[in-house]
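Input: structures, listed below.
Here chain A shows up in two complexes: once beside chain B, once beside chain C.
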Partner chain A sequence: MTDVRSPQAGNGAAAPGVAEEPADVAGETIAGVADETETPRPGGFGAVAWARWAWRQLTSMRIALVLLFLLALGSVPGSLLPQQGIDPAGVQQYFTAHPALAPFLNALGLFNVFAAPWFAAIYLLLFVSLAGCVLPRSFRLARTARARPPQAPRHLSRLPNSVRYETAMTTEEASAAAAAFLTRRHFRLSQGEGWLSAEKGYRREAGNLLFHVALMGVLVSIGLGGLFGYKADRLLVEGTSFADTVTDLDAYHPGHLVSPNDLAPFSLTLDKFSASYVASGPDRNQPESFNAHVSYTAQPGDAARTYDIQVNHPLNVDAVKVYLLGHGYAPVFRVTDGQGKVVYDQATPFLPADQSTYLSEGVVKAPDAKPQQLGFAGVFLPTAVDVSGQLESAFPAPYLPAVSMIPYVGNLGLNNGVPQSVYQLNTTGMHRLATPVQVLTPGQSMKLPGGAGTLTFTGYRQWVSLQVTYDPGQVPALISGIAALAGLVLSFLVRRRRIFVRTYRGDSGRTVVDVAGLARSDVGGGFEAEFGELAAGLKSVHDHDSSPRSEETE
Partner chain B sequence: MPLFPSSHAARRAVGAAAMAVAGVLGVAACGGQIAANTPASNGNNFVSGNGTSSYFKAGSRLAAPAVSGSTLSGARLSLSSYRGKVVVINFWGSWCAPCRSEAPTLAVLSEQYQSKGVRFVGVDIRDSPASARAFVQNFGISYPSLNDPADEIALAFRHTVPPAAIPSTLVIDRNGQIAGRVIGQTSYSSLGNILAKVTAGG
Partner chain C sequence: MSDNLGLAQLSDHLLIVAVVVYSLAMLAYAGDFAYGRRVKAAGAAGKAARPVPELAGVGASGGAATPGTPEGPEQPTAAVPPAATADSAPGDAGRLGPLIRGAIALTYLGLAAHVAGVITRGLAVHRVPWGDMYEFITALTCVTVIFFVALMMRYRAWHLGVFVMGAVVVALGLAQTIIYTPAGPLVPALKSYWLAIHVAAMTLSVGIFFVAAVLGVVYLFAERYSRRAAAGLSPANHGIMRRLPSAVELDRLTYRTVVFGFPIWTFGIIAGAIWADQAWGRYWGWDPVETWAFITWVIYACFLHARATAGWRGRRAAYIQLIAFGCLLFNVLVVQTFLTGLHSYAGLG
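For the complex of A and B:
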């Protein structure tokens, strides 16, 4: 007597019974995809209507995507043009090279893109758009997750999966038995006269909600980092120290609510830096490992501790991370001026010009040399070799260290107060001293013509560039990110499905049971099999248990 | 392993987004008098100021920390030995262009205010003794400078009015409290005005 109908294409949609299905089947959305319900443009001049219209437009997914695209587009000049915060010298050069174009670009804020008002406007709108989209959606999802299933359709046989059979039970007994059976299988029920609706798979809504809430969590975490975090750079030579205070940092990018007093008060000394390189084979000259051996104190007065900073293996002091970013050589020079006085004696960081050989470039400035200021520009070669008259470095490790420096005298341009790069020599006020090119090995000196002084290359040390970062939003962002992913997976894997049961007295006088099933968004398939099992289970309950009492014991 | 300029850019964008978060969530911005002077990097390997000067009224001043160290000439010097005098502390380095530019002004002011009970102390940071001594001699600086290669003295001021750039100048009143600060290059008038008020008992 069992009459199982297989799904019939086009049947369900036209059925009047199915039409009773609430509209939220159509409104079923995957996380993040907004309802693109078009709000009609208001015809009159009502400020509230216009404001509502503008708000609906702003919080639509289409506008969010447009803003995201604009944000990406707006960042392009930031990577094409020199930026004030990163490369002020480059901006100056651009002004001299393009005197007509540069002021125009400057007026548009293209030399400081990320601080430009138009850029701020884009990200502010984007954020409001995201928040305005995600927050109300979260509330709606929370309501959906608590909702009860709707009334059963009238004609169950028109649903894609349906079964009809007869039972010896009364209609009331059959309804109660079906309710007990479905409750045991964790269905959520709503019941009425002769009908029963059961729904399962609310974890999909919970996953959807989790995704949306976690998305807000990610935004807030990023905000936390931007407000209370900071990032700073410092180049440190072996044997020297620095403290995490603004005066002792090369570059300092504080969050909007960070004051100089908030920096973690640690001090750090670079005891030794070692690097190893591949000596032969196709990967020759490639670095194998970098180790910066440091000692640090977390607070002034604390005991010093040691640590070995490696790439992607930062030092962690009070939630502040110190990363190893780069390294190089700092030849030690002693400059004696024309009056025989030592006016310069220190390790001078040179910047690597060639990453595979560590041929490095740098300058020495002796602004207090008498009778005239002295400057030197030149190269450091870790493994100096003569390649047909040309001085080159053969290997990045310091096997045959040598320098070659060109001397200048005159005005370094330091005394007028304009900050200048310590890696560049401004030779506009200086003239080059006529000396033959000399290669100095450690301990060797070069006498300057005209009794201007002496330069001695006394040795070398290594330096590391460190990045100090504090980001209080990092852990919350990670947790939110994982939660968002879990929510998304849940919402994709779990499907919502409904079982409807109607019981009524048939023509023969026996109770007829109609069972139908409907899977909402059956992405993975497999609902048909589940429905078959449930229908068989219901039928066996209705066949074998003739009294309500025995149902409870099952 | 070079620095990625883009990471800086990204951070700025994130910071910008953070401002948006603050606006939406109604996070109250609570920057004090000091946060207003937060300097930006000039990309020249140190943080230089813009010459902003601040004067703190009596009653709203914070006590200067007890700092001491050895001077460029090797003598011991402790800030507490100047108690009862007005002290000007100047953080400088011989390599720093604004420091070189302001040095003649400081040399003049230190002599002018000597008779009014003002003492100057330099704090030489991120420097080598050879260059620092040449600087002091070159500019005819008569007051002592503490040698502070690890910047521990600046760190000691972190809970008060930290020197937020190179150069930075702090004025400490007769009671050992911080009465003024100049971030960046001082001028005759900016430091002179603070000194005139503080020596007058203001």
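For the complex of A and C:
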């Protein structure tokens, strides 16, 4: 990406024209001119010489290309292998399925590619390379923005686009008319004895630089989010609340510089959740809409407000966003133990096991039951139907809600220090009670054998899983992204081009005008047409305005 | 939501008509390659009054035209002798034989059916017609044909139609057989006006990159031919090659096509990020589809840079462009279909 020559150097006064130009003409990319001379390797062992050589290599287009390729290549395993940050369960499964290969891949960081040191090394090197290329160019652009275009080449007919014609004007008049014509078209001029050189399209380079600087802005924005942002989940049953505090959140992932006091002090209650589904046809059971009706207070003491959180419609509380990620059913159970005491009475979130029918699985743990602890594992069916003796759910909406639970007695194992999932029953210290499989509808109970107690299915509620995120890098990332796009479009649309005019007395005694054009960048094409139009305009100026006075009236 | 079954069926039929007509167009283009009468350049010179931008070089100003190749020293791969360049410039419609005129007419006819098919699908489902994989492919191939026609109106290299039509017929045929999804409503995650914006940008850019990829393949053949011709290994005036634009022109056309598609692709990624932020709570999360969109973007960026780097121009750059399109295809056909991620909306079950 190093622009080896400054624009002026490529077109010095003695430049014979075309021979100097190929690099400029071919510089049609967003990175601009890239023909480079190979930097000779330093002969000795001087640290400065080596450092300079390394820097030149790093900021060269070739290395930037290789780094770009490596960046693309490095991303591939991130999409083909399960990733720690996105799918931790998938990583576990991979370890189980490939016990020999997985540790090796893990050592290479392939289960967390986008946070791996080697991946960071690639993009940081790429951005250093970019900075080493972009910054010097910015300075150069600032200089050339005020500089005049170089002298016109001697032999204009050697340029890719050129015309020659004669005019009745004197050489001075013709030069002046051409200068006036090009100035009207916002060309920047420099003039000399019998020549004129005009340039236009500096915004192209500006767009190119804007694009690359904006890409660095995107990287900085992502870093900002990683330092000051946070992300957490929360499962919330209808009628319950949570506050945005570390203790009240599940799976809390703070940024590196976030302290618990930085969390926005809002609290939120799930009033009701509703969903609708396609009832018939080939898309039956497919969800149509989800709606979580919530009420929230932004600050303690504020009035409560309500909002409907939907997919694609998160709640925004002081730049913290609350998203609806999932939903499910929480059947309400009451457990009475062998001594007739109610030891459990609450909504119990079950996890959907089948996304199309919402057949859900879950457990009930009653550690306070006497004489022995009680546990239940089973299923919740939103629309329970009997399919030839097999209990199934026919539809995800709760039309015929029912549960079927298997009772266990014994030791739940909650006190042995090993953390347990609330969705699983550890049955090692328990035994299953011999009861026939029973289907309970709301209000129905099942008596446990041997006077161990009673389980009552009193009803159900729904739950939602919410994601709470705060990312201060969001807006900067968006601005950078838009700036990058604007820079890209600018650098593609604007062509940087030069028009040269030479006037001299021909053999016949009349004034000969040579006009030539050169597109230093012409990505979108069309310079030939523009040149033709400009040349025709110049010719008509030279044909018709035989006196310089009429030039002014136009 | 009640989907209009009659309109949905009409859409299916229109798209089948489009494939059939495109196939006929492709045969006509191919027939012109094989049997088309070569109109003598001398006879056509008088008719070639209409200036052809780019391909015919300058000359619009009517002045003393520059001798030598119009490209000057810009392209080191310009191995085609100047005479061949001028002759193979596909010229204007006055030089086109009856077969290729028929092919062009069939292209327009097929396109009309194609556009009507896409629109009726949208009317049938009361939303933008790019909500599942089948609709996405029918819409993007529609963009491909529109872009190709627009490009040829300007550059008049209609003989490229055989390659573009071939690719479009394969893609549409695939969409109608193994990818076909009946008209249906959207899942809640897709119900957002960002579907219209994000997927429209992706559809547009993929359709355009499709044209670039076809041009890239043709370029590789033309470049190989021109190298062999320069070395005396191939006849200098091969019948098929002289109907195509020269390697230099194909390279430039490919480049401009990519340059047209790249900002749209970039916009599509940004729009997708905004949507992802609304729907999933983060603007970028390395979901497999996001990752591959990024990889595709990076490799197209490689192509744009490579084309300005000494030693990477020409063939190498063309290969990079094809790799980028390969990544894009992989993303559309494999990642979205088989890898589980948040973008699994293909509707293939």
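Quick notes
Keep this in mind: the second predicted complex is superposed on the first by the 361 of 554 C-alpha atoms of A that agree within 3 Å, B and C clash if a C-alpha of one lies under 4 Å from a C-alpha of the other, contacts with A are read in each partner's own complex, and residues count from 1 in each chain.
Going forward, contacts are C-beta pairs under 8 Å (C-beta built on N, C-alpha and C of every residue); 3 or more make two chains touch, one makes a residue touch a chain.
Keep in mind that this is a model prediction, so the values were computed, not measured.
Applying the stated contact rule after C-alpha superposition, one finds that A:Ile482 touches chain C and leaves chain B untouched.
In the superposition on chain A, A:Asn316 makes contact with neither chain B nor chain C.
By the document's definition of touching, of the two partners only chain B reaches A:Leu414; chain C does not.
Of the two partner chains placed by the overlay, neither chain B nor chain C lies in contact with A:Ser280. In the superposed model, A:Gln474 lies in contact with chain C only, and not with chain B.
In the superposition on chain A, A:Ile222 makes contact with both chain B and chain C. When the two structures are aligned on the shared chain, A:Tyr344 is found in touch with chain B, with no touch to chain C.
Applying the stated contact rule after C-alpha superposition, one finds that A:Asn261 touches chain B and leaves chain C untouched. In the superposition on chain A, A:Thr96 makes contact with neither chain B nor chain C.
In the superposition on chain A, the residues of chain A contacted by chain B and by chain C overlap at 71, 75, 78-79, 83, 85-86, 113-114, 222, 231, 290, 311, 325, 467.
Of all residues in chain A, only 71, 75, 78-79, 83, 85-89, 113-115, 119-120, 123-124, 126-128, 131, 219-220, 222-227, 231, 233, 235, 240-261, 263, 265, 267, 269, 290, 300, 311, 324-327, 334, 337, 341-346, 365-370, 413-423, 465, 467 touch chain B in the complex they form. Against chain A, in their complex, chain C makes its touches with residues 1, 53-54, 57-58, 60-64, 66, 70-75, 182, 184-185, 187-189, 191-192, 194, 252, 255-256, 259-260, 262-263, 266-267, 270, 273-275, 277-288, 291-292, 294-295, 298-299, 301-302, 304-313, 327, 335, 339.
Interface residues of chain A, counted against chain C in their complex, comprise 1, 18-19, 21-22, 25-36, 61-62, 64-65, 68-69, 71-72, 75-76, 78-80, 83, 85-86, 113-114, 157-165, 222, 231, 278, 281-283, 286-290, 310-314, 321, 323, 325, 467, 469, 471, 474, 477-478, 481-482, 484-485, 488-489, 492, 523-526, 528-529, 531-533, 535-536, 539. Contact residues on chain B toward chain A in their complex (touch as defined above): 1-3, 5-6, 8-9, 11-25, 27, 29-32, 34-35, 38-48, 91, 94-98, 100-102, 125-126, 128-131, 134-135, 137-138, 149-152, 154-156, 158-159, 162-166, 168, 185.
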